[in-house]
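Two complexes come next, and they have one chain in common, subunit A, joined by subunit B in the first and subunit C in the second.
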Partner chain A sequence: MKNYSLLTSAASILLAFTLTFIGGELKAQQGIDDVLNNGEIRGNFQLEAQYYQEDSLIGAQDVPEKILSNGFLNLIYTNGSFSMGVRYESYLNALLGFPEGYRGNGVTYRFASFTQEKMSVTVGNFYEQFGNGLIFRTYEERGLGYDNMMDGVRVKFKPAPGLSLTGITGKQRLFFEYGEGIVRGLDAEFYLNDGISALANSKTQIILGASGISKYQPDQDSRYVLPENVGAVAGRVNITHGFFNVNAEYAWKANDPSADNGYIYRPGEALFVQASYSRKGFGLVLAAKRNDNMSFRSDRTEGQQNLLINYLPALTKQHTYNLLATLYPYAVQLNGEVAFQADLIYKFDKGSVLGGKYGMDVQFNVATANNIDTTMLNDERTTRQGYTSDWFKRGELYFQDINTQITKKFSKKVKGRFTYANLIYNQDVIEGKPGVPVIRANVGIADVTYKFNMRNSLRTEVQFLLTEQDQGDWATAIFEYSYAPHWFFAIMDQYNYGNEDPERQIHYYNASMGYNNGGNRITLSYGRQRAGIFCVGGVCRVVPASSGLYLSLTSSF
Partner chain B sequence: MKRELVILFILVLGFISCDEIDDPIPKDVGQDIEYNDVTYVVDPALNIGNLNGLLDLIDNNSWTEVNGGDNSTERFIVLEEFTGHQCIFCPNGTKELLRLDSIYGEQLIPVSIHAGSFAEPSTGKYETDYRVLPHCNIYQSEFNVATFGYPAGLVSRRNAQLENKDNWGIVIADLADDVPQAELKLKNYYSQDLNVVRVNLGITFNQVPTETFNLQLYITEDHIRDWQKDFAQGDIENYDHRHMLRKVVNGTYGRSLENITAGEEINIEYILPLEANWKPDDVESVAFIFDSDPSSYNIIQGNSAHVK
Partner chain C sequence: MTLRLNLLIVLFLSFSALSFAQNNEIPAVDVKKIDGTTFNTGDIENDGKPIIINFWATWCSPCKRELNNIAEMYEEWVEETGVKLIALSIDDARNMGKVAPYVNGKGWEYEVYIDPNGDFKRALGVNNVPHTFLVDGNGKIVWQHNSYSEGDEYELFELVKKLSEGESID
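Coming up: the complex of A and B.
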């Protein structure tokens, strides 16, 4: 088990590192004073805390600690081309819904980095992504409790014009420990217009990329002969010509039996293609993705969101309105998925028939996700390839979202945003609830802001979600009064009026207020939180029902 | 630039070390045969590859039955003692192990694992190799036995920590009254004609666990008479080696228990031949369930029984 050192000792070590190793940037005669004078420290702090009350009606459980909190402090020191930093995290204990592994305090992130001409070196913790992330992406999404950062060494090198190399090696974060597996990789990106003189002035910009990742984990399994080293490669191209852009990447992964795929030895593969056209007032994005057996973790036995090496982008719209965002959001299916998305944005000019005096923005979005086609093989006792799959066929529908959004300013005082969405949600697969019916829902949202004057405004939000499945119909109303530039006050009620069980027709009320000033923001709310699912980029966390007082505090300098 | 791109390509490929596996099923571990809600795992040496062969084996031979203890309400404790025939202090460990065994009876399951340099064979008196390779070396390394010193023991692998023999009794007393997380039934069927044992294991968890657990099966043999070094008596001929690990049946870290449902029994039966030089009267099967997390390895339940 790995223990993190205390903040003070980490800072001392990093300071010693600074003074010892940044000789390339510092003249020998420079003293500590010079170093300190040239340096800069930036930081930010975040605290999320909740006082929990038991509420049996909504299923909000009793919390023995009564108060739970998540706290973060980032400190980054930079001095010329040198930088170092730490992040202190505190979970006393973690807010409900966050993984149990987040418990306690510690310095979870520390790094030192310097750049010397064409080379940049980072030791300690770092985040990195190769291409679109199909074979490697480490990142933090604090709201999800997701953090698969690396602890190791990263070297970036630019050996020739247009050519960038990135090499990494390390282990991945698993809460307050690191995973067992070792991850090694190399990415090469070549910007042709910089590297080839004949293309220097071309209107067509081309970037080629190739990357490889390998993970090592010992085989301690008696049932199967497991590959201790699992490799994955990817190639990509990004072409921009005028208003057009095409971004495509293909990835392949060698046999990687794991708990995710039922210990089959079939190689994985993924293809991601996105084409876009955008000019003033018009944008169109078409995207397609197919991933087959592409769960890639540095510990083959892990599940949930733990120790994922790669990232499979979600081809669905990231909604922000509460009912639409947290009742039936889509989670990317790592074992197999075929997804398409079209996103159209059009702005009707001021003075046009539909645009009126202030113009009007219209967005239309269609997203679908299906299972891949599979034909099962009866080879459990032989090669364990699991299944075959036809690239050009699709399996069961997982998710469909057809939505449109109109944003219009009606007058100097009134503006509105109106959303309609039609959802098909395969709850059986997405939430792992066998036998439950597919949910079909219609969602309508009106979001209108009335501006009394420069300081005072009132935003009203009304949402309806209509469905005959699951918990039935929902409605939400929000009134948010803002007193610019510092204050806001809001009340909300979410009502499950369509629940078949009259006792479950519950009101989820909530009142909140917030204060902003410079880099500080404080939000306080009290009320009920409905159980739901919180997703960012197709990665999701189940949020349990809760009731009580919530405090959010952020500060940066 | 062309040369650099070639170098780059080679570099990328160099990073992609991976192991291609053509035959995922290990040669030395039997393949699963599912029948009547029982998973049968047949030792490859028996050359039974399908259900018909399995049914012929069971139906066409006579089997004596021996049951393990009832641990439905009691946590059985596994004491894995690391020892060696050239370890002069180890007989003291064995004495303590036997003392505790006499107190706790079937609740304590002793296993003596010969591992490390003191267990290595040498010419002359100590030429017999009692190590079960490679497993005992892996255990020795995993639990840092060499740095801890002999005799050392794992008491139900609590905290994955070795304990000095003087602490074994204390830890056992700590664990003995625990409410078990699971019941592990054990029944041996032995065929004298074939010298084959069928170890039938029934696992029932009281609640669906949050941890992941593995099932481990050992074969031990008692009363093996051979040389042993001793601090006080020097070389002892015909020393009574007790509860010696003879075979790790289902891999170093056992078999992962999957699809656990509270209150529903998982039934697995291992079928294996006994070695010709083992004394069937002294051979025992030892099974236990342990947390697969290397920071824990906690054994939550165990059981054992003579094969005949």
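Coming up: the complex of A and C.
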């Protein structure tokens, strides 16, 4: 009944908007015809369900509901310059490891927007980011339950060639509700080559940007007098000249005492610089970042990934191989970090000594992250500035990753990719486990594909992670058989053979299969899932160990 | 009451009419070129020849396998059918800067755009990457495929050939 009335009201809004924008003179019948014949509906659907079995060996708890599921459906209707959409989400109850705030069903996302020549307006929910996101980014990662979208109004306006302005106001999503804080902001971006005729034909392309965000949250704290309005500003530049590119952004935030920073009144700042050079067969990226007290939320009392207004990208390689990606991945430290990264890619041509018949690709990556330097002021009872920090010094090491990857095709049937990584992982800080030692690990991975013919192929992964700390050594083997273009079958075992406790030397086996056709895909798997940290798009979620049957359905239309 | 009933009928019709009312045009949203400037996806075109739109990311292994495999044959594909492949990266600020060096480093000849805010991804109903769309000579999306397995590219090329010869694909 609830859904029924929802759809009816959605239809009324749809019709009302369409009629309004098509022009009042048109008769309703024509409007309806237009809705039917010229509009388009696109969307997608996903359902994940797991049947849980108790498995005391791996620490998989009994789940009272036995079956848990997450699902959503997105519908977006577009008709010319008009668009509207809804999303229905369902968590009955949410899969283990998902934030607990997701419980029940409901419509969480709805918007309507229209675009005219120079202006575009969106009301309802929207996702937006200014520059690199240092002061503002609302974003969704459905697979992890991360969603801090806005509910409010967004206006985009292009007043002159090369110039675009974006204004936003709204509240942010927190599970099935909205946070109490109000977020308002303005961004201006100027593409010089379009705006200044003298630069129209210049080989150097320059984009300048400036943005400001202000959040409002009432002060109901009995201990401190807190700023109810907190402002943040950022400036950026992006220059491309031939094969060179430089992208830099600096952000500053006024004092913003919060649970994250221990209610200190120190302002925050962040700097992000990325430079790259690339030509055919060669690419180099150098990046540096420093963020100091830049946690920025629309509710100062929140933690985890909740109600974050901004985004501080991690400057580490985003690995995809299981052991490398889910045992010791780095998560950005919002309170302060200094990070550097260098990434090199080189292609040895076909016919060269190392390239052989088919060529060979080599990638090399180094990333480090340290705490910022801090000198405590011990001013808790006076100014509460917390600390001072020297820009040119670094504090404790949080993370280091030195890795290399070689991709080579040996023959028409065989190709491989080989990875080595050396990791240093400060588990104490990154996972908040005081007293645990820093983890040093060496990881080696071979990924070899054998192609029987155009349709049939077998991919094998063998991975080793060697460490003296934490749970000791791990090995993983995966065999994935695919029958293109519709089927795949895979078996996998992860074995913690190096665990000091012989009883914890556990096999985590898993078998899965999948079928896909058109925009539809179904995956079924059975087995054990090791506790780990799953990251997508730079957001990570800790997932507990589980055992059972997992089903996933996705569909795009 | 009658209004409500009408609306219900409208709704019913619009849903039941979906399959044939769909124009399947490429939605027009702003994405970024690899030099950071803005590009509107409504301007995607290939002179009446087929277009492949492939969503990928620098952190997605199957995506890279797919695009690297196609890269080996791309020249022949273009020669034979005039097809154009648009590689749409969904990388965000963390990895956006790596897109151009990766594309150039691998020597890809594709047209590459970045969708850091996920606007184009949402407009096309993409759940996860890799996700491939096939657009015919009239600019209509006629086929899609989610995920990648070794060898999928052969089916894709068969479909591209059909489109380039003006046949319909079902």
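Following the convention adopted for this analysis, the second predicted complex is superposed on the first by the 526 of 557 C-alpha atoms of A that agree within 3 Å, B and C clash if a C-alpha of one lies under 4 Å from a C-alpha of the other, contacts with A are read in each partner's own complex, and residues count from 1 in each chain.
Methods note: a residue touches a chain if its C-beta (ideal position, glycine included) is under 8 Å from a C-beta of that chain, and two chains touch if they have at least 3 such contacts.
Note that the structure is predicted; figures quoted are calculated from it, not measured.
Using the contact criterion defined above for the overlaid structures, shared-chain residue A:Pro159 touches subunit B, although it does not reach subunit C.
Looking at the shared chain after the overlay, A:Thr240 reaches subunit C, while subunit B stays out of its contact range.
Applying the stated contact rule after C-alpha superposition, one finds that A:Arg384 touches subunit B and leaves subunit C untouched.
Shared-chain residue A:Asn132: touches subunit C; no touch with subunit B. When the two structures are aligned on the shared chain, A:Asn516 is found in touch with subunit C, with no touch to subunit B. Counting the residues of subunit A touched by each of subunit B and subunit C gives the higher count for C. Taken together, the two structures place no residue of subunit A in contact with subunit B in one case and with subunit C in the other.
Remark: subunit A residues 1, 100, 159-160, 163, 165, 167, 177, 180, 184-186, 188, 190, 195-196, 210-214, 216, 220-233, 254-255, 257, 263, 265, 301, 381-384 touch subunit B in the complex. Subunit B meets subunit A in the complex at residues 1, 4-5, 8-9, 11-26, 29, 31-32, 210, 212, 250-256, 292, 294-295. Interface of subunit A with subunit C (complex): residues 7-8, 10-12, 15, 32, 35-44, 46, 74, 76, 78, 127-129, 131-133, 137, 139-140, 142-143, 164, 191, 205, 207, 238, 240, 243, 245, 247, 272, 274, 276-285, 287, 311, 313-315, 318-321, 343, 345-347, 361, 407, 449, 451, 454-457, 459, 482-485, 487-488, 514, 516, 518-521, 537-538, 554, 556-557. Subunit C contributes residues 4, 7-8, 10-11, 13-14, 17-18, 21-25, 27, 35-38, 57-61, 68, 90, 92-98, 100-107, 116-119, 122-128, 131, 143-147, 149-152, 154-156 to its touches with subunit A in the complex.
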